[in-house]
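First chain A sits with chain B, and in the next complex the same chain sits with chain C.
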Partner chain A sequence: MIFVWHIAVDPVANILGAILLIGLSGLPGLFIKRPGPGQKMSVVITICASILGMTGAMRILGGAPSVNYLLEWPIPFFDPCMLSADPLSALFLLPLLLSASCSSIYGLAYISASEHPGTEKQVTFFSGLLLASMASVLVARNGVLLLFAWEIMALSSWLLLMTNKKDAEVQRAGMVYLLCTHTGTMALFVLFSLLRAESGSFLFPAIHSLTTGGLTLPIILLAALIGFGAKAGIMPMHIWLPGAHANAPSHVSALMSGIMLKIGLYGIIRVVSFFVELPLWFGWLILSLGIISAVTGIVMATAQRDLKRILACSSIENIGIISIGLGIALVGMQSGNRLLVVFGLVGAFMHIINHALFKPLLFLGSGVIIHATGTRQIDRMGGLSITLPRTAPLFLVGCLAICGLPPLNGFVGELFLYFAAFSNGISAPLPVVAFIAPILALVGGLALITFVKLYGTIFLGTARDASATKGGEAPFAMLIPMILLTLACLITGVFAPLLLNLVEPVVVDYAAVPVELFERLVSIVPLQQLTMINGLLLLVILVIWVSWRFIVQRAPLATTETWGCGYLLPSRRMQYTGSSFSSLFTGLLRGSGGDGNRHPVLQGMFPASAGFASPTTERILDKIIIPILLGADWCLAWLRRTQSGHLHFYILYIFATLFVLMLWSHQ
Partner chain B sequence: MISLADQLLVLVMLINFIMLGTSRLAFAIRAVAAQGVVLGIIPGLIHPFSGHLLVITVSMIVAKGLFIPWLINDAVRKAQIRREVEPFIGYVPTLILGAVFTTLAFVFAQKLPLAPEHRELLFVPASLATLMTGFLLLTTRKKAISQVIGYLVLENGIFIFGLLLTEAMPFMVEAAALLDLLVGVFVMGIVINHISREFSSVDTSRLQALREE
Partner chain C sequence: MIASILLHVLILLLMPPLLLGVINKTKAGFAGRLGAPLLQPYYDLARLMRKGSVFSRTTTWVFRAGPAVTLAATLVASLLIPLGNHPAIISFNGDMILFAYLFGLARFFTTSAALDTGSSFEGMGAAREVTFACLVEPTMFFIMVTLARMSKSLTLTQMLTYPSFDVWFVAGATMLLLVGALFIALLAENCRIPFDDPNTHLELTMIHEVMVLDHSGPAFGIILYAAALKLFVLGAIFVNLALPFKTGNPFINWAVFVADMFMLAVLIGVVESVMARLRLVRIPQLLVAATILSAFAMLLIVR
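Presenting the complex of A and B:
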């Protein structure tokens, strides 16, 4: 009885129970023949489990002692399976569980049983599995268990991505994703084997306890960077990301972008915490990769024309910003600069939460838009603020938040990074860090260009292609999660101290900073004033909006073609498109490798008809990675002869191996 | 008793040669059944009587001597084939290879770091020789049914090795090995059926049409 009570009140047990429930939520549906009830059941289970898990996570962040659960499992050699949750896990669990509820409610209407008989069951089941496996990665305290969860996460997300498996583009994206994730897992095998060799057990070592030196430490750190970074989408390892995010069902993209990328970052953050001393170059490496990801990611986003690819590329940018924060903190740790540690970590953690709020919001919004237009090409859309009157403001909030504009939450996290850069520029042991401020400003500016283009092209004007106007406003099941996320964005944006309270125990625990010091350092940032200004700003916006609505209702506006510019017979094809909006900027970048457009060659007085094509290219994948792989294929072609396809030869290989081993054992 | 076991093991090795040398499938199936029965008797000769032993002996004889041969015979009847027509390597060369491998097995067994009580017995060389015969059958024969027979012989080799450990090895492991074998035979049976239906022959070398280019 006492035991049961203990389980019921223990926060870690709550979280574990929530994980189990979510993981199994799609299971009953598989056995119910009739489509529909299984999906509804899974939504109810997921919401209950999320609430249970979130209370657990909140209590851990509030300082409740966390218990370690040791399970003896029947796998020899791999040490007992240990599960636990500390503030760091809890911080990642919160947005995960929120997104779990949101995406499952959304899925109810997006992959509805009536329209997708058959697929809805598998999508529901694998979504639950994906969420549970991601949460298991967060609570695993054993390397092998983490790898199990990691592989389930990779495969269930791949299966979700392959929902429309007949589409050639989906197949390509799935193949690239599968290759990338398995390459990453390979690095993780190296990582955990070396960690075991260092600590003597697959169980995670205590925080800041390993004193590894020599060559092992760099290899461990690089393996973690490659293995976890490939999932996080840090720049050279991002190639799977745009395709996978674009081709998955929208609520799955929301999970992948909002949560799964962060799980990769969690891995890096966790592994780094094992060591007493880190080499300084690792901090700089993360910092510079973060800068590259942020700038290149947003530049890629600006040039894209596919709605979900824009969002995916912007995810790379946001991961870059988080990595910048992490890099600042690591550099600070090694140079003994507490201010850099605190501000870098606070910025990174805040941005992790923020991005996990507004990016799912945008992806869910993109699902509504795709339902309404039947396309992902923003150059064919337009005027959706009339057909989607409820989605439009929600999407706008997401766009503003992701640009980091003040009344919303994206601003707060970046503010801390700016403070880290500026205040360090004043008291300067490492003056280089100050350069992060202009880089962040550049990234913010480019994000603004991208999202003005995105929102303007989709929602303003009129439809650029008559065929892209097939649907209307989304059902409530799709709107409710978006409203929830919008409210979360507004609340965390206006009441920034709330966000700081969430992050504080994590930073204090992770960086071993005394609470007083943390509070003294953080007090430089005028969060109270910020709250007042943000509240005021929000109030002003509300007043203006209400009075504008009032005016509009009194005096009906004359409806005419948008951007007609006085021309009498404008056609919908004459509007600005997203491409023309960003063409100035993409033109500036043309020197760096071409825009991939195929221009027609016109010759003679009366040129024959010619075509112009503007394909989207994934430059790094198409120009660098695939040639390298083709080269490897060419070099290793002789190996392919061993794959004869004859069963007998394969048996012969086994036989030969056995024979050689027997001979060898006699030496 | 032990010397009788050794003589039976010699018999097992002779049966190996029968299987390498014959082209008639029905004969090979009967040979493998006989080998199974002989192997089923051996544990009774070398270990003191116990319930555990009885179960193993009976289940071995029933499974390897009766049930599995019956399954394969059934498959032969359905697929309507009598002979292994064109092996990759002819019968005489395989017989010679079999002899070479059996000799090698004895050489290996001499050099293995065995427990002293196992050193003088034929168990280890017989096991290795049977194992290699199984491999030889698997690699040289084309028909799926010959492959199943090869698989059975391979398993017999492993079983002989396991005889040394009957007392140390828990019953569950043996049961699991038997089950494994049974499942393997079933799967092969399904494969045979499908191959013969798709390609109207049971030639496994045609499976290479499925190879990824």
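Presenting the complex of A and C:
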């Protein structure tokens, strides 16, 4: 009895219970023949489990001691299975569990049982499995257990991505994703084998305990960067990301983009914490890759025309911003600069939470838009704020937040990165980190282009293609999760210190910074004043709005067509499209390799009809990776004879390999 | 103290349209005309506030919110700027970051309001506005980092009241580069010649004016005032760097500041009179050049 009570109040046990419940939430539905009740049951289970898990995570962030759960499992070699949760895990668990509830409620209407009687059960089941496996990665304290969870996560997300498996684009995206994730897993095998050789156990070593030197440390770090970085979508390992996020069902895209990418970052952050000392180049490497991802990701987003591809490319940008923060912190750790450590980590962790709030919001919104228009091409949309009056303001908040504009949460996270840059600019003898500030400003400017284009083309003006106006406003099951996320963005943005309170225990614990020092360092960031300014800004907007309404009412009002500058027959097709909106900027970069458009060649006085095509290009994938793979294919064609496709042969291969390894180890 | 703050707010709120009057008078002088009265921008605003409004059928609340948010963001940003030697009304660490992002917020709503009309002209203007602003943004941050390093502070008030003629003697090259870059950024952000011509409405090279084509009456008045305020705010930054006259007496300081602002307005008027507008394809090149100038300034101060 006492044991049961102990489990009931222990935060780690709460989290583990929540993971188990979420993982099994889709199971009852598989045994109920009638479509529908299973999905509803899984939503209820997921919400209850999320609340349970979030209380556990909040208590760990609040300083509750975390217990390690050690399970002896009957697998030889692999050391006992250990589960635990520290503030770092809790920080990642919070947005995960929030998204779990949001996406499961949303799925109720998005993949409704009545419209998708075939796929609803499997989507529900694999969503639960995906969420539980991601959470298991966060609580695993054993490399092999982590790899198990990692593979379940990769496969369940792949199965979800393949929901619409008859579509050729989905097939291609799925294949690229599967290849990338397994290449990454291979790097993780290297990583955990080497870690075991260093620490003597598959159990994770204690924080800052390994003093690895020589060549092993760089290999471990690079393996972690490749293995986990491929999942996080850090450039140049992002090639799977736009296709996969664009082609998955929208609430799955929300999970993949909002949460799964962060699980990759978690891996890097966790592995880095094992070592007493890291080489300085690693921090600079993460910082440089972060800059490359941020700038290139948002440049790619600016040029896209596919709604979900824009959001996916902007995820690369945001992962880049988080990596910049992480890189600043690592550079600070190695150069003994506590200020960089604290500001870099606070910025990175805040942006992790923020991105896990506004990106799911935007992806869920994209699902509503796709339902209403039947297309993902923004150039065919327009004027949706009239047909989707509730979705439009929610999506607008998401767009403002992702641009990092005050008074929303995106600004608070970026503020800390700017502070790192400016403080470095003031005090360091050679302030290299200070150059982050203009780069972040450039990224912010590009994000503004992208999201004004996105919001303006989709919601404003009039529909550019009359056929893309088939549906109406989303049902409440789809709106409620979006409202929740919008409120979270608004509250954490306006009341800026809230986020800091959430992040403080993680940074203190992770970077081993004394609480007093942490508070002294962050006290130069004026979050209280920011809250007041946010209030002032909202107040001034309100005052101007009200007085404007008052003034306008006193004079005559008229409603007419948009002024066509003297042209009397304006048509909807004359509007600026998303492509034309961004073409001015993409034109500036044209020197760096064509826009991929196929222009018609016009000849003669009366040219014949000609075609113009503007295909979606994935330049790195098409121009670099696929040629390399084709070359490898040509070199290794002889090996294909061993690939019979029969299961028993593969089992034989595994047995033979193990046998040879056994002989080798006993030699 | 209270009198000083009152004077500060009064100058901040009332002076911006006067700058436009001075610029127009200068241009008239160059063209050999008498020109409109100095106070013409005030008359325009007063008339617009009394006028009726026309709304397009395609527009939504975003179109109506555009001017309000733009003016609100510009007003809050203007409170963060010191005028001459007088500290800003609100000042805290990192206010320069908030300052830059408030203009971003304003830009988001101005351009969204333009897209809300569904007019191709306004889409064109909006596309240009965001593209050019994105190239100006790094310049502003290079300038801010350089000033922060020179003044060893994180607040706009200290950063901008730090420059003096002593600083000019010690770090003349840096200051010259900063002032040059800032002047280009100032002209680009406020859509003045050589980037944009505030006098034309229908030419295809337009930026700001074409974005606000469909606004009318009081809303247009709000937009014009917000634009004047933005010119005033960025002008105040420029004046603090380029003409850092300092006296002991606060009232003489105010007079000096006002005179400085008039000099800036005349300077802009002269530039607009002697230069033609750049071809659209040249504008990004000039903006990138300004960014590189400011990056050089930072290198000089870092080395």
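By definition in this document, the second predicted complex is superposed on the first by the 608 of 667 C-alpha atoms of A that agree within 3 Å, B and C clash if a C-alpha of one lies under 4 Å from a C-alpha of the other, contacts with A are read in each partner's own complex, and residues count from 1 in each chain.
One rule holds in what follows: a contact is a pair of C-beta atoms (placed from the backbone, for glycine too) under 8 Å apart; a residue touches a chain by one contact, two chains touch by 3 or more.
Here the structure is a predicted model, which means the values were calculated and not measured.
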- Message: Looking only at contacts as defined up top, I'd like to know whether chain B or chain C touches more of chain A.
- Response: C
- State whether A:G118 touches chain B only (first), chain C only (second), both chains, or neither. neither
- Task: In the overlay, answer first, second, both or neither for which of chain B and chain C A:G604 touches.
- Result: neither
- Message: For A:L405 in the superposed arrangement: first (chain B), second (chain C), both or neither?
- Response: second
- First (chain B), second (chain C), both or neither: which does A:G213 touch? neither
- Who does A:G336 touch here: chain B (first), chain C (second), both, or neither? neither
- Message: Applying the document's definition of touch, where does A:P65 land relative to chain B and chain C: first, second, both, or neither?
- Response: neither
- Item | Contacts of A:I544 with chain B and chain C, given as first, second, both or neither | second
- Query: What does chain B use to touch chain A in their complex?
  - Reply: 88, 108, 111, 132, 135, 138-140, 142, 147, 204-205, 207-212
- Item | Residue ranges of chain A in contact with chain B within the complex | 643-649, 651-652, 654-655, 658, 662, 666
- Task: Please give the residue numbers of chain C that touch chain A in the complex, ascending.
- Result: 49-60, 62, 64-65, 67-69, 71-73, 75-76, 90, 92-95, 97-98, 100-102, 104-105, 107-108, 111-112, 115-124, 126-128, 130-131, 133-142, 144-145, 148-149, 152-154, 202, 213-214, 217-219, 222, 284, 291, 295, 298, 302
- In their shared complex, at which residues does chain A touch chain C? 382-383, 385-386, 392, 396, 399-400, 403-406, 411, 415, 418-419, 421-423, 425-426, 430-431, 434-435, 437-442, 444-446, 448-449, 451-453, 455-457, 459-462, 524-526, 529-530, 533, 536-537, 540-541, 544-545, 548, 551-552, 555-565, 570, 572, 574-576, 580-585, 588
